[in-house]
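Here chain A shows up in two complexes: once beside chain B, once beside chain C.
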Partner chain A sequence: MSEVIKNVACPYCGACCDDLVVTVENGKILEVQNACVIGTEIYHHASREGRVGSPRMRQPDGTYKDITYDEAIDYTARMLIKAKKPLIYGFGSTNCEGQAAAGRVAEEAGAVLDNCASICHGSSFLAIFDTGYPSCTLGEVKNRADVVIYWGSNAAHAHPRHMSRYGVFPRGFFTNKGHRGRKVITVDPRYTDTARCSDIFLQVKQGHDYDLFDAFRMVMRGYVDDVPEIVAGIPKEKILEVCDIIKMGRYVHIFFGMGLCHSDGRNHNVDIAINLVRDINEITKCTIMAMRGHYNIAGPGVVWSWQFGFPYCIDLSKGSHAHMNPGETSSVDLANRGEVDAFINIGTDAGAHFPIRSFEKLGSRVPMVTIDPSVNMAATVSDVHIPVAIVGVETGGICYRMDNVPIQYRAVVPPYNGILTDEELFNRILNRMLELKTEGIECDGKWEYAKPLPSLIPVKIEPEA
Partner chain B sequence: MSTVTVTLKKQPELYFEADLITPDQFAGKSAEEIGAVEISEGKIKYPLSTVATIGGAPGVTAAETMIVLNGDWSRVKRIGQQMTAGEIVINSNTDMYTGGWMKGGKITVNGDVDSFTGIAMAGGELMVNGKAENHVGCAYRGDWRGMTGGVLRVTGSAGNDIGTFMRGGTIIIEGDVFIHVLTHGEGGTIIIKGNVEGRVGGQAVKGAVYVFGTIKYMMPGYKYVDNVEAEIDGEKAVFAHYIGDLGERHPTSKNQIVFANLYLKK
Partner chain C sequence: MNALHLNMVTQRAVEEGEAMEAGKTTQKYFDVCTVIEMNADDIKAMEIPPNAIVKVTSECGEVIVKAIIARQTCPRGLCHMRQSVWANQVVPPRTQSTGEPQYSGFPVTVEPALDARIVPAVELVQKACNKWNGKLLWPM
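So, the complex of A and B:
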């Protein structure tokens, strides 16, 4: 007998669509309705052949051997205690319960706790620390916004249903004409598919968003005459035209993405955007929101701010206080500088997302544990790979949508082969650490671990100058 | 002034943090007590004597104490953090936060420094005879009060974020700088002898920047007003004078709007 489960939330992107309908039979997923193609894929992935059903440890010859959860947990607990400064990184694709449990482990381990924001919207956090966050919920955008700006964000590809559910097409309470009543503006160096759906496209010169924001702010502050004829490749009359649309809007909303966070200046590109929102609010109503990538990458920011006072890049190695300073305590910098001596990759793929040189430094020099349902790139070079249940498919929990609204996720099938959830795993690692500490195991910076194989170093390391 | 010489003998596998190496901490201590000052590497804390040899003796007060650091300190962070008086001479490169939050005294680095040098500096003199990385004399993350006083000089080049949220004091970079100079500035003076890629004075409310070289990309929010002749850091020159950032809020004083000033050598 097949069963139809309604109101399922999608564990893929930060739009967290919670209107999915999933049909299951005998613990297998038959059909997924309403999800976009990438969302659908994550469900089918759960029932695909080749899932890893048990923790595995890398052998000297490079092959993997199945080990028990107890052995994997013991290895991880020992590594965390013995290392002088372990790094626990990831968490974009797990639930808040798992993130909180990892926070407790990190505190006991004196580790650096970091999440994928570190290589994504972390710079937005820095901007928010400096200038605040005049934001809203996606529901407000849908129901109120008549001017929507996508700045440095290609929603059409990264968040496929974002434009239809919130940004461009939906009919809301005060926006009952749908996209015909909305002006959509895209600012991007490339003519993206999002730009294709927009009324106005500003092709900003790559890396010069900051200058363009400054020009917008000059107009909002009444210095129209002093705006240069061309700013960041955009003619002055185009800037004035867009500013007029903004000023005429009843409710303006800016969605921004990696275009701001991943170009030179990073946090300043975002803090000037936030200050533009502040200026626009002198004239009309305006809000701003980061296009968060993973379905629960907003989660660690919320959970750890509550646990430690900081959303990411949290150095707990002092034992006495948490220290945060991206540039120093951020994962890529720690890796590049050789500042950590153990690494846990959880709910993400540092192998795919880090700059190759930084990942090489981790992969070739420090013991590594990957906690992930699938065999990702990081798992292929880890000493130990521990599979866990897929959140939103095999286990439920709380996840924060990109607008920091918590969504209750649910399991539609039982965990494959009875594997643990992230929360159960981290709780058991914590218990094992406490046991080991009572047995007298302590941090001495020495451990025995599988030596990295030279053949696993993907790219030749150039001698340091 | 009495001098303590500390020679680093053991290199860390990761990085050392030496926020306790300041004249304030060393003053009045015996050689044994200085040897017991902690230096940390991740979770582990070592007594200084286990990683370095210590010679000489400190003065009774910080002001009478000079510390000379020999050996390779390039993997050591936070030297001279929060010092209030006395002197440190580092005959090596150093890592991050050198002279961070310093309030007085003098630090001379005969080598290169890494990022966050002189972060939130409030007074004293920080002299780098070498190059610096990013965030020179900037604010700590989320703090709207950056550098408030003192003189920070780098003889080489520097990266980005020079004097972010600066409110007072002087930063002199003799080489080139990448982007973001005096961003969010609320006061203070920055002198760049070399060239800057761009974003000089972005979102600056008050403060002054002098650039002797070129600015590749000028902020749109800066407006030329006049030419001025001035002697800056011992060099007399004529500068094109701009005011800005017109896209930022500005206070009024005596019915006049106060802007940040940018002087570009002609």
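So, the complex of A and C:
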């Protein structure tokens, strides 16, 4: 007998669509309605053949052997105790309960605790620390915003339902004409699918967003005559046209994405975007929001700020206090400099999404544990791979949407093969660490499992012969 | 056939997102991510047909992919790779002290490599980490 579950929240992007309808039967997912193509794939992936059903350990010949959860937890706990500066990185795809439990483990281990914001909206955090965050909820955008700007953000691809739920098309309380009552402006170096849905497209020269923000600020502050004829590839009259639309708007909202954070300038691009919002607020109401990537990547920022005082790049290795300094304590920089001696990859895939020149320094030199429901790239080079339940599919929990609104996620099917949740796993790792410490296991930087694997073929990265 | 010097951005595409959730060891992920999206005129300037195999080289690495006409139009001089194992073979790890690598806006050279082999993701990652044992344990 099939069961229809309504109002299910989707574990893909930061838009956290919570209107999914999932049909299940005998613990299998039959159908997903309302989700985008990516969200649908997550649910079907949970029911697909070939899932990893128990922890696995890498063997000398490169194959994997199933081990028990107790063995995997013991391995991880020993690794964390013995390492002088382990790195625990990921957390975009887990719930706040798991993040809090990992925080307790990191504190006990004296680890560096970092999340995917480190390579995503980390520079937005830096700008927000400097300049503030005049933001709002997505509900306010839907109900009030009549001018919406997507700057360096391709919502059509990265947040597929964002435009239909919040940014462009929905009819809200004060925006009852939907997209016909909204002016949508996209700023991007490529003519993206988001740009196709916009009224105005500004094709900014790649890496020159700062210049264009500066020109906007000059116009908002009344220095129109001093604006050059072309800024960042955009003619002056186009800039003035857009500024007029902004000034005429009742409620202006800017969504910004990786176009600002991944290009030259990083946090300075976000900094000037926030300052533009300040300038616009002298004229009309304006707010700004980061297009957060994962469904709960806002979660660690909230949970760890409460636990440690910092949202990401948290170095707990001093033992006495938490310390945050991106560039020094950020995962990619730690990897680049070879400063960590153990690595836990959880709820993300550093193997696929770090630059390979960074990841190879972790993957080839330090013991590594991957905690993830699927076989990802990090798992293919990890010493131990521990599968966990998929949040939003097999377990529930709290997740923070991109506007920092907590959404209650829930399970629609039981965990595959009885696998543990992230929270249960980290709690058991913590308990095992405490047991091992009472048995006299100490941090000595020596790790008996970190031996070279003799039967493997050493390969230097060179083009194929 | 000519080499071109282009400016590269690597960002998400919905095709890549869907394939990633299906599994990074799948044929689907391989098919949608082993591409570099370019302006049609840039492909012409290289004197290769669309979908030809090219070598992309940056300051820190190189990768073999297929050159396609961008589905979301790139202006001339700009190219795009979908964020993935292949794109990250050439992404410079420098972070401007923010923790964020240079995923967008770095110079690359694209040159025809018609007979080169496009390497599967697992092989690329395991080779980089010195853990490649000569065979794919997760057949695509």
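Quick notes
Throughout what follows, the second predicted complex is superposed on the first by the 450 of 465 C-alpha atoms of A that agree within 3 Å, B and C clash if a C-alpha of one lies under 4 Å from a C-alpha of the other, contacts with A are read in each partner's own complex, and residues count from 1 in each chain.
What we mean here is this: contacts are C-beta pairs under 8 Å (C-beta built on N, C-alpha and C of every residue); 3 or more make two chains touch, one makes a residue touch a chain.
Remember, predicted model here, so these are calculated numbers, not experimental data.
Of the two partner chains, neither chain B nor chain C is touched by A:Glu229.
With both structures placed on the common chain, the touch criterion links A:Glu282 to neither chain B nor chain C. Within the superposed three-chain model, A:Gly110 lies in touch with chain B and out of touch with chain C [touch as defined at top]. Of the two partner chains placed around the shared chain by superposition, chain C is the only one that A:Ala352 touches, whereas chain B remains out of contact. Of the two partner chains placed by superposition, only chain B is touched by A:Gly338; chain C is not. Legend: residue contacts after superposition of the two complexes on their common chain; A:Arg190 is shown touching chain C, with no touch to chain B.
In the superposition on chain A, no contact is made by A:Glu439 with either chain B or chain C.
When both complexes are overlaid on chain A, the residue A:Glu237 reaches neither chain B nor chain C. Between chain B and chain C, the partner in contact with more residues of chain A is C. In the superposition on chain A, A:Ser330 makes contact with chain C only, while chain B stays out of contact range.
When the two complexes are laid over each other on chain A, chain A has residues 126, 264, 326-327 in contact with both chain B and chain C. Those residues of chain C that touch chain A in the complex are listed here as 7, 9, 11-14, 17-18, 20-25, 55, 60-62, 70, 72-75, 78, 80, 83-85, 88-89, 91-93, 95-105, 116-117, 119, 121-122, 124-134, 137-138. Those residues of chain B that touch chain A in the complex are listed here as 13-15, 40-44, 77, 96, 115-116, 134-135, 140-142, 144, 160, 165, 178-180, 183-184, 198-199, 202-203, 217, 219-221, 223, 245-248. Within the complex formed with chain B, the chain A residues making contact are 83-85, 110, 126, 129-130, 208, 210-211, 213-218, 220-221, 223, 226-228, 231, 264-265, 268, 271-272, 275, 279, 317-319, 324-328, 337-341, 443-445. Of all the residues in chain A, the ones that touch chain C in their complex are 12, 36-38, 41-42, 45, 58, 61-64, 114, 118-120, 122-123, 126, 154, 156-158, 160, 189-193, 203, 206-207, 258-259, 261-264, 266-267, 293, 312-313, 326-327, 330-333, 335-336, 349, 351-360, 363-364, 374-377, 380-381, 453, 455-459, 461, 463-464.
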